[in-house]
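Below, chain A partners chain B and then partners chain C, in two separate complexes.
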Partner chain A sequence: MQSIVEFRNIYKSYPGVIANDNVSFKINEQSIHAILGENGAGKSTLVKILYGHVKPDSGEILINSDLAIINSPSTAKNLGINMVFQHFSLFESLTVAENLILGMNENISLSKLKNNSKTICDKYGFNLNLNSPISSLSVGQRQSVEIVRSLLNNPKILIMDEPTSVLTPDEISKLFKIIKKLVKDGLTVIFISHKLEEIINLSDYVTIMRNGKVVSTISTKNEDPETLGYKMLGYKVSKAKQVSDINFSQEIFNIKNLSTQSKDPFTINLNKIDLNLKKGQIFGIAGVAGNGQKELMEILLNENDYEFSGDIIFKDLNINNLSTFQRKSLSISYVTEERLGHSAVPEMSLSENIFLSMNHKSEFKKGDFINFEKINSYASDVINNFNVDTPSYNVKAGKLSGGNLQKFIIGREIMSNPELLILSQPTWGIDAGSEAFIKKTIVELSQKGVSIIIISHDLDELLEVCHEISVLYEGSLSNPLKVDNINITKLGKYMGGLFD
Partner chain B sequence: MVYLIRVQLREDYSNFIFYLSPLVAVALTLFFGSFIFLILDLSPIESFKIFFISPISNSYGISELFVKATPLAIIALGLSYCFKNNIYNIGAEGQLTMGAIFGGGIGLLFNDSTSVFLLPLMILFGAIGGAFWATIPAILKTKFNTNEILTSLMLTYVALFILDYFVVGPWKDPEGYGLPKSMPFPEAGRLPVLFDGLRVHIGVYFALIICFITYIVYNKTLFGFKLKVSGLSSKASQYAGFKYKNLIFYTFVISGACAGLAGLFEVSGPIGLLYRDISPNYGFTAIIVAFLGRLNPIGIILSSLLIALTYLGAEDAQLFLKIPSAVGFVFQGLVLFFLLGTDFLNKYRVLIK
Partner chain C sequence: MNIELIIGILNIVLISTTPLVFAGIGELVTEKSGVLNLGLEGLMLVGAVSGFITLVLTGNYFYSLLLSIISGVILSGIFAFLVLNLMTNQIATGLALTIFGIGLSAMLGKKFSGTPIEGLSPYYFIIISFLLVLSVGYFLSKTKSGLMVRAVGENHNSAYALGYNVIKTRYLTIIFGGVMSSLAGYYISICYAPMWQEGMTAGRGWIALALVVFATWKPWRLLIGAYIFGGVAIMQMNLQAIGVKLPGQFFNMMPYLATIIVLVFISSNKLRLKLSAPASLNVPFEKNQ
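Coming up: the complex of A and B.
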């Protein structure tokens, strides 16, 4: 088979990090080639170099065995290279067709474009109404728009950056069918992912990257998730299996009939949410991003007096109107999705970041003055107990890696002995070692009787640690499913909104 | 993506340079300022001597330096509360004027008083007047989300017109030959001077006390912590449970009270009565002082002395070099320009390709 793309000694460094360290490998024509690696392994940088978005410091790219100089995305497009980004670039208020025409390099009439798009949609089974505005589409449909937009340019090579991270299981299998058909018709697909099973199911070849270097490029035929995972990480990660045959009895936290009626078209209205959490239970809220997770978290935190109807009850006390400060004082702790700039301030030291979340505790204050001694010793305890890799508590939070900072933040909350811990995307974007540590910590915490709610897009994570899972879909929360002998097909249907 | 000039955020910008950059800005100002003198056919070295050295070469000059630096420091210290909180109160000049009207009004109301309580009462009302004027943009900001830069600036002109109204109207001195000014304040309403024959007054002590309190607040207290957090990230401040609206309100009140205090010190100190031009733009210049001092209380004291010198130098330059005193404002502008420039270059790397 002929190679369509060849990377030769690609080198790219950013201040303080080598993103690509002499990367060399070939991609065969008409194949699905996955690039696998952890966050920060250099996958995205590499494909951005191929797409002309980032300039390498040195190295060459060969397209069809010819040296190609790709210094902008438009050169890439002329060479037949297109890319579907992880974050979409669509205009919300324009229609699908209008968005498609904006992506075209050549001049084309709207009617001709609609015809072309319709042909593509019919051929590959994209279910799109060309006249609907983007704001009315689901995340999966938006991705279809992005893919169709690329296909209109008749690409030879299509790069997809983590395309499944925003999709439901059902949408993922549909996408895979489409990709396979595209490849049959002559396309080469470069597929970036860190999900092992997906790569084995979909791709023909996989290049594994670690710390900017290529570990190996292999056929996926003889691999299974475990062997592939070992190659990706260089070490084995043990799973934190939740023991879930416990009979929970004592109710601790209830949400009753929670609804919102916001007129803002860019927020999701919550619809009669009921949730029942017992002492020592871990409850997962699954679902694709943008189905009301942000709004639910906002109401649970109460940072902005978000308006809602219904009741939130913590230990028989209605906390509807209690502020963030008061809720924290009742021993409810929060870890938000965004680390830098929300649950931590990057420009402040770790000690100061302790006080950020613990300023309701009287032990850290002497009247209006701050007791830095106590805070520093609390910070040291967090650093020691939660394996935070840092020379001291005076280091600025922004200097820590994502995983280290998340361990610090979760440690900070856990050390305050909460009775209820609410986490949003606790392991998003962090290294596998920290992820495993955090999962283990969460499970152990529940065994000590702390109740935990996890809002996450990562289904595998929820299945690993939770006792029960509900799915949030367009503002409605499904009935809970026990994770013990869970029916994955049913869960998949729930994620597509098929529940009462 | 081909740009001729690109800027890139520095991963690791230096704290040392952050504190060094005011000095760099001053050096650059002197360097480029010398061209102004060259263009005017004056020797830069002689001119700088007249501008920066001769004004403070005697005790009178040094006293004048403190007279100018005192209001600048007091206002800038107040403004630093707002700026730390990312609230841009540009209307200190108006708050200063209101402080002068309120406090001065008390002085005129009791113009035959000899009580020792008159001056403290005037000082109190000066602070209240400034704080009152600052609460207007604060309320507009918190209730209607209006831009505080615009409202506070526009209210400055309103305050100046109110002062105008009083000094040509109800408070006009009947024996003032029709000039737009009030009667002088009674002796009990005048700010004591520190040395006989010099104008430097006890406002200096106030500036130092405010500096000390501010230092403590910023470094040791919960309130200072709240300001720091909400200045760096409003989301993190909400996460911490701080009420941002309250912080907006408090910082406006503090900075307004400081500006009002400075206004009262001007009228009951060096001036002794109310008239139209009570402040040579102290309220605006204090913005430069606050940033040049890196919003650090001690830095502000130092930068207030430096900027005060540009006022004195401009007066001497007009007298001895026969150039307009506006050259003082040119220097203030240059300092601010170079300070913003050095800050930018410290934070970003410029790549030219």
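Coming up: the complex of A and C.
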């Protein structure tokens, strides 16, 4: 088979990190070629270089054996390379039709666009309403718009950056069927993922990357998730297995009939959410991103006086109107989704970041002054107890890697001895080592009697650590499922909104 | 009040409001692409003085119009270079442009202050201003280039990822806005006054800025808003003519007061502001290297 893309010694460094270190490999025409690696292995950087979105420091790309100089996305598109982004590149306030037009290389009339997109939709089974604004679409529908927009340009190569991370199991199998059909019709698909099973199911070849380097490029035929996982990480990761089937009795936290009625079309309205959490229980809230997770977390935190009806009860006390710090004083701790900018201020030191989230505690103050002695010793304890890799507590939070910062933030909250810990996407985008450590820490914490809520898009993570899981879909929360003997098909249906 | 008086008032409103329409529609396009240019007042003054001086020196209306336009291209080009290439803060740069424009126009125009000229009829410009609003409305809502401008202002990262040249688009919209402000200034010194006087735009640049927000970035609303604002300004003379006894300063204050009330009213509804404002407004664009 002929190679359609060849990377030759691609090198790209950012301050303090080499994203791509002499990357060389070939991609065969009309194949599904996966690029596998942990977060930060350099997969996204590499495909962004191919798409002209990022400039390499050195190295060459050959398209159909010809040297190609790709210095902007528009050159890439002229070469027949299109990309579906992980964080969609759609315009929220514009309609589907307008978004499609913006993706076209040439000018075409609206009627021709309608015909062309209808042809593609019929052929591959997409369902688009051209006149709806993007803001009204679900995540899965948005991805369809992105794919159709790429296909309208008749590409030869389609790059898909973690396309499954936002989809339900049903949507994923549908997407895979579409991808296979596209390849049959002549397309070459470059598929980025860190999910091992997906890669084995879908792709023909896989290039494994670790720390910016290519480990190997192999056929997926003789691989299974374990061998592939070992190649990706270079070591084996032990899973944190939750001790299951405990009868929890003591109720600690309740949400009763929680609803919102916002008129903002960019937010999801929550619909009669009920939740019961017992002492020592880990409760997972699963669901595809954009189904109300952000809004629910906003209400649990109460940073912005988000309007809602219903009751939130912690240890028989209604906390509806309590501020964030008042809630923290009651021993509720939070770890929000955004590490930099929300959980921690990037430009401030680790110590200062301790004070910012703990300033309701009088021990960190001497009158009106900050008690740095206490804060520094607290910071050192967090660093030591939670394996945070940093030279000192004076380092700016923004300098830490994602995994280290997340360990620091979670450690900071745990060290304040919470009775209830609410985490949003605790292991999103961090390295496998930190991920395993955090999961283990969470499980151990629950065994000490701390109740934990985890809001996450990562189903595997929830299945690993939680006792019970509910699914959030378009603002409604499903009934909880016990993780023991969980029915995965049922869970998949729940994620698609099929529950009462 | 008789018919003649009403017609007279309407005529004055029409004549005095046109600079707001020019400057406002230019700024609207600039802001639609995600750039906030606070330098309108400076651009107007330089446009006014350069057109005026050229007219005095050459006696040629075409040259004077041309020079006024060129001044707008140069000044807004500098602004664009600063905020787009050097990524300076848009607000600070815009304010600097205003201060610079006030000073430059005063210096250039010093000798020409009070020089009599024969002005142009304002009606051509009034007709052009209407056509301009219509064509900008059509451009933004019906053409692909207009869609591109909106896309860049909505989400410049996505626009770049799709292969659009964000910087070039913004250069063009900033320069369009600059030229429109110059024309507004030209109209003031050549048609409306017609004369040159230091600081003669009298804050119209700021009102035009408020007008864009008032119009929630929609051209036809901008036209209506301009006439409301213009009407308030004209009301002072007529109320005095009727014999309402209030100090003159109170009336001079009215357009600004109206602006503040309108801004408070609009921004009190966060949702409405969020839905209509270009999402990337005043956010610098950095190419991913």
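Just so it is clear, the second predicted complex is superposed on the first by the 500 of 500 C-alpha atoms of A that agree within 3 Å, B and C clash if a C-alpha of one lies under 4 Å from a C-alpha of the other, contacts with A are read in each partner's own complex, and residues count from 1 in each chain.
Note that in this section contacts are C-beta pairs under 8 Å (C-beta built on N, C-alpha and C of every residue); 3 or more make two chains touch, one makes a residue touch a chain.
On a predicted model such as this, the values are computed, not experimentally measured, just so you know.
Enquirer: Does the superposition put A:72 against chain B (first), chain C (second), both, or neither?
Expert: Touch status of A:72: both partners.
Enquirer: Please work out whether A:303 is in contact with chain B alone, chain C alone, both, or neither, and reply first, second, both or neither.
Expert: First partner only.
Enquirer: Quick one: is A:48 in contact with chain B, with chain C, with both, or with neither? Answer first, second, both or neither.
Expert: second
Enquirer: With both complexes overlaid on chain A, does A:98 touch chain B (first), chain C (second), both or neither?
Expert: Second partner only, chain C.
Enquirer: Who does A:235 touch here: chain B (first), chain C (second), both, or neither?
Expert: neither
Enquirer: Can you list the residues of chain A that meet both chain B and chain C?
Expert: 53, 72
Enquirer: Considering only the defined contacts, which chain A positions touch chain C in the complex?
Expert: Those in contact with chain C are residues 48, 53-55, 72-74, 76-77, 83, 85, 88-94, 98, 101-103, 105, 107, 263-266.
Enquirer: Please name which positions on chain B make contact with chain A in the complex.
Expert: Going by the criterion above, the answer is residues 1-2, 10-12, 220-223, 225, 228-229, 232-233, 235-236, 238-241, 243.
Enquirer: So in the complex, which bits of chain A are touching chain B?
Expert: 15-16, 53, 71-72, 301, 303-304, 323-325, 328, 334, 336, 338, 341-345, 347-348, 352, 355-357, 359-360, 365, 368-370
Enquirer: In the complex of these two chains, what residues of chain C are touching chain A?
Expert: Touching chain A from chain C are residues 144, 147-148, 150-151, 154-155, 157-165, 271, 274-275, 279, 288-289.
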